[in-house]
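The structures considered in this document are given below.
Two complexes follow with chain A in common, the first pairing it with chain B and the second with chain C.
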Partner chain A sequence: MKSSLVLPSLDRDSRVALLVLGIGALALLGLIALAGESPLRILAILIGEGFLNRAGIADSLVRSIPLTLAGLGVVLAFRAGVFNIGVEGQLLIGAALAVACAPILSPLPSALSLPLLLLAGTLGGAVWGGIAGFLKARFGANEIIATIMLNYIAIQMVSWLIRGPLQEASGIFPRSDKLANSLRLPILFDGTRLSAGLIVAALACVAVWFLVARSRYGYALTVTGKNPDAARYGGIRPGVIAFSVLCLSGALAGLAGIVEVSGLHGRLQEGFVGGIGITAIAVALLARLNPIWVPVAAFGFSGLYVGSDSVARLTEVPFPLVHVIEGMIVLAFLVLQILTMAKER
Partner chain B sequence: MMQTNHAAHTTVPVLELAHLSKSYGEVRAVAGLSLSLNPGEVVALLGENGAGKSTVVNMITGMTRPNSGQIRVRGKEVLIASPRDALDRGIGVVHQHYALVGDFTVAETLALGRAGPGRLNRQALHAEVRRVAERIGMQIEAGALIGSLDVAGQQRVEILKALSREVGLLVLDEPTAVLSPEDVARLFDVVRALRADGVAILMVTHRLADVFAVCDRAAVMHSGQLVCDLPVMDVTSEGLISAMISGSTDTVQESERMPGDVMPARQAAPANDAPTRVSVRDLALRRANGSQAVQGLSFDIRAGEIMALAGVDGNGQSELVQCLAGVNLPDGGTAEICNCSSDGPWSPRVLRHAGVAHVPDDRRRQAIISDLSLGANMILSHVFSRRYGRAMLDWSRARDDTSRAIDEYDIRTTGPDQPIGRLSGGNQQKLVLARELLAGPKVILAAHPSRGLDIRTIGAVQNILRQQRDAGAAILLVSADLDEIRALADRVVVLAAGGAFGPVDMAQTDTAQIGAWMAGHT
Partner chain C sequence: MDLMFLTGLLASGVRFAIPLLFAALGETIGQKSGVLNVGLEGIMLVGAFLAVAFSVATGSPWGGLLAAILGGAALGLLHGLFAVRLKVDQIVSGLALILLGLGLSGFGYRLVFAGQPSMRVPGFDRLDLGVLSDLPLLGPLLFSHHALAYLGILLAVGLWWIMTRTGLGLTIRAVGENPKAADSAGIDVDKVRMLCTIFGGAMAGIGGAYLSTAQLAGFVEDMVAGRGFIAIACVVFARWNPLGVLAVALIFGIADAAQIRLQPFFPQVPYQFFVTLPYVLALVALAGAARSSNLPAALTQPYRKS
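Let's look at the complex of A and B:
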């Protein structure tokens, strides 16, 4: 019972998830054949470069850090039945707020400044998620629409910031100055780009798992998501849950944003989000909204990206293929979920 | 028109039911029912909740098929396979819950489900609305939006929709339950016009006033059987009530106290100085659709007392319980429970903290989370008490409590980790009861706690409520089952027709009186 809400066992649901992966792989093979390449060769490159050599694994891990953090945020919101589609905006605002705070933080000792920087990112994301949460709780606004619209606002805002107040001192490119070294997450292994963000992501996994499986708040989330009427009956206020979970979800997205900036890019620039927002949803769904499966799913997607980068470099198959696969996996997942639900009735 | 005037004089019944039976699992909903309706005849179908009225309606209208027996339409044996099939055979129905589209006009509604592809001929539809409305003297505007009509208006649209086809039989399911007296009068004018037109009408109702106002014959069902089928001029309201309640046809035409109808004496009546736990003053409640459910309701419940809330479903019982549980606020008046007032903070959390336990009527919707374990469901009512810890949940204690409840209440399950949705309804209900009674509540709101359960479980549930009463709980028992009320309650309030009768001491009333109140008959 201790972790009955999220136990890593191969129940029917997990088998469904595995089946989804298989279907995705099949679709991949079909598309590769369509592109005129040998599926086997492509598959060998994809898996070999993405998962099997040191550089590939390191790269996949690098990519899985923001996916894990943002995916955890999506897990929390989706568990409560709140559809946070605004990961991208929350991530951007988190990163932007932290970068804006950087000049104040950089004189401080690194042991203080780095945690504060991450905190600023978390806060920025929480505020951006909280706006949608407030709109939902107070006025009954649909969170899907609210978060999507807030994405557009965030994208334009950051675009303006890096051409205005936050632009680099030289004023040439639309990007911020590089963060001071004291504000960079240290690299864990020489010769890779793998930063201490990995540790942040791992800690976040544990924390979110604990929240979901053990805490009263996590229980309230699960109950609200599964049966809002029962939640109300038990004294849980769905409005409070919606607001707080969007704050939390946004906080994790904001953390993903600043970890990505501090650990990888070193500065705020356009396009650094690179579809993390949507992929995080796919990650959360593939993990069946179970926090301990999130890093696994995130690593799987990342490996797919890294591998297909190589595929695009070495073969005739175009890179956009991986987006097709990603979409297909999400779709197949939803279809199968509906099928199993229908069978239960 | 579908019926010429002389059709009223032919002897072939529009509809004939012969030895119709229907079972759901082991429950016999309808047993060997025979009933026939002649053209131009209005027949009332009466009965308590669960007497089998809806099943009869469903079989006539093709929603469900009988296990045995025959249905004859105009003397020809037929199989009614679907609602569309029923319509094709000239059987129209107006359900209690309307199936209308708010953004459509009245005329557009007629096209629903029968318009082919291509442009909608609105002119023809408008003309049709006017023609049918004129025929039966109904006031309705063809261009009005459904969403802008009140309940009575929407009902008129449903009737119109049914009559836009060739209809020989019109089934009206509880048509007066939601109408104001003026609208009821208008509805009856329509019914009379249809009768004059030779249409047979089957009116399912629980209001005796309807029977005497407009019906020609009264058919009463009890436990799935037809216990009375007499011309209205030969029955009295007392007789109908006793047929509905006891199923006894002997007493139909006399008014007398039924044998064994003496209220059982309580061993320990609540002391007069027992503290008042629940106090309701001049309470007004609205349904989810905005219509008035209850008005001017006042009563008190003292510690150690069971107050029964009787009445046919849909007369505001559910709204009252939801309000007292803190889920909804009253629309007027005040409710007070254990020093909490609906004028102050009023929510499930506040009231649970004050010691209110709540067994809701719709268990699956409100009281359980089907795919969570029994243990997780155990926590639901105690999330904000400190029983299972504060920020962190004490799952092992929840598990212990659940295991103990499984033993004590004899819940059939594989253990506290089994998803509650896999359990039978009775076992789910036992867990809900165990959970609600876990912390020794001061007030128990029990809505139909034994509905749908088997006899053994019903006995267990009733014993639990008695024990709680003796332990000093104030209990509000919502029930439509007069036997249960008689077995448990100290006092009773009856909700009917938007108002309340009582409360009265059970010792000072009898089932016939309560039944009459339930039928809205003073």
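Let's look at the complex of A and C:
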């Protein structure tokens, strides 16, 4: 009853948006049917394995640590209208710099060496983000292309490092030596892989929230993103904002990288980023660029990822479906935006 | 390094340039009309996959090409619906395309080809122009490419002519420069932008198809490897001029071919440094050419009638 009352009051844009989304959802069901599976069964596995059983929740939490940190970085940049797509590269360079510093740090007492290790990762990410920031501020280079090119360069650099200067002493596999125990983030709960990185991520959330909601810098970011001309008029220099926010955004991605290495893998190895870069963007968008919602969105996407892994293992539906769903979620976010805009009008 | 090496390098540079050329030409037209599509990478992936799947299914690379064009146009239409019709953030809509392309191509590939041992993909054959193709040096360089390569070059010239010399080109440029004035002149701004965006999608689809059925023979997940983004860098570096796009795509193609062919000459340098060459080049190009007066004034700005 109620829907028939609501629908006619929607304007044309909202109806088109909902129609596109509906067709998309049907297409998604069609894809699952194409793989010869029942959508209901897939949904049951996806939710059951990703969100509802103990092991699934633990795995989802493990994955949401780097996603939260990287997602916070994306939030900062996007708030300023700076599209940092370079999370992956910043994360890799952060992790690589920290692992390179590990031999110098490990003789120090743990209370000192672990924070310094995290700092090194943060710095590495900041430098990599800063390069794109410099190119944008100084030459007006489009940051989307710049950060993506830097991603590919970072992937090749790490590929070389783990076969060259940073390769394990035995020289067998393309990976670094394991970090000393004093440089590992401790495991929080026995029997899980959940590390103290969870605390780092929670602290980062509070810090970014404070920066965004309570500081002048955060205000400058938002104004620049919403109305660059007004910002310039108000004495905010867009170049300075672009450079600084890409450094900060990269710093958080770099922190995500070293937390992932120190808390989970213990060493630098190929492919440990596992699609975190692009998912972090979806996380930030779904959180509507609000730092408080980032961990929630990160947990949601992590559960989706863990659940999709089970789906691929247990059924005929291939794993890349997860990216189709992520893309649909981004489009759904846009539809939501159109609906709220229509309401405000 | 002798003459043979050089012609070999240039000829393979042309082959590497063609996928970039198609995607960048389409993006040029889209951007000229005021629509930025950062999702080329995703569209090229879908094009590459569809081309292989339908080449195998129909037994002809042209069947694959048609499927890639239709798939690319469909994704272009989706981008147009959100970016032009619904006027949301063009960049976010483009990001969704990247994810969708990555997912759809990977999903389709594992579904259709999983577990199959290497199969023969009916790819495009090199054109045999008889005497011309057998010419020493010039033959391999100019007269022995795939039909699509010549089509791409013709398109570059044709699009340049359309954009600079015809009323249609003027309409597209007006919509991207000053949509309000275009609207007053009776031009349907959204319709022009929509068509240009669909065209851009179809062209990116062709770029992907060339990659998987002419340059290589088969599909590998994530095989586009950033070429969609390099294509956007090409557009910027060429200052939105189709003939410039042809030149810049050739530079990138030759750089790509060079990094592969130079590796054996410098065994002491890690190969990863060579692989980064095109990406570094794109960064330098971006920094050098970003502030250009040719930038369409209304790029990324949706047009609302007031």
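We adopt the following convention: the second predicted complex is superposed on the first by the 301 of 345 C-alpha atoms of A that agree within 3 Å, B and C clash if a C-alpha of one lies under 4 Å from a C-alpha of the other, contacts with A are read in each partner's own complex, and residues count from 1 in each chain.
As a working rule, a residue touches a chain if its C-beta (ideal position, glycine included) is under 8 Å from a C-beta of that chain, and two chains touch if they have at least 3 such contacts.
Not measured: the values here are computed from a predicted model.
Of the two partner chains, chain C is the only one that A:Ala141 touches; chain B does not reach it. Legend: residue contacts after superposition of the two complexes on their common chain; A:Val16 is shown touching chain C, with no touch to chain B. In the superposed model, A:Ala230 lies in contact with chain B only, and not with chain C. In the superposition on chain A, A:Tyr219 makes contact with chain B only, not with chain C. Taking chain A as the reference, the larger set of touched residues comes from C, when chain B and chain C are compared.
Chain A residues in contact with chain B (one complex) as well as with chain C (other complex) do not exist.
Interface residues of chain A, counted against chain C in their complex, comprise 13, 16-17, 20, 31, 34-35, 83, 85, 135, 138-142, 144-146, 148-153, 156-157, 159-160, 163-164, 278, 281-282, 285, 318-328, 330-331, 333-334, 337-338.
Looking at the complex, you find that chain A touches chain B at residues 1-2, 4-5, 214-217, 219-220, 222-223, 226-227, 229-230, 232-237. Listed in rising order, the residues of chain B touching chain A in the complex are 325, 327, 347-349, 352, 358, 360, 365-373, 375-376, 379-381, 383-384, 388-393, 395-396, 398-399, 416-417.
Within the complex, the chain C residues that touch chain A are 38, 78, 81-82, 85-89, 91-93, 95-100, 102-107, 109-111, 114, 221, 225-226, 229-230, 232-233, 236, 270, 272-273, 275-276, 279-280, 282-283, 286-288, 290-291.
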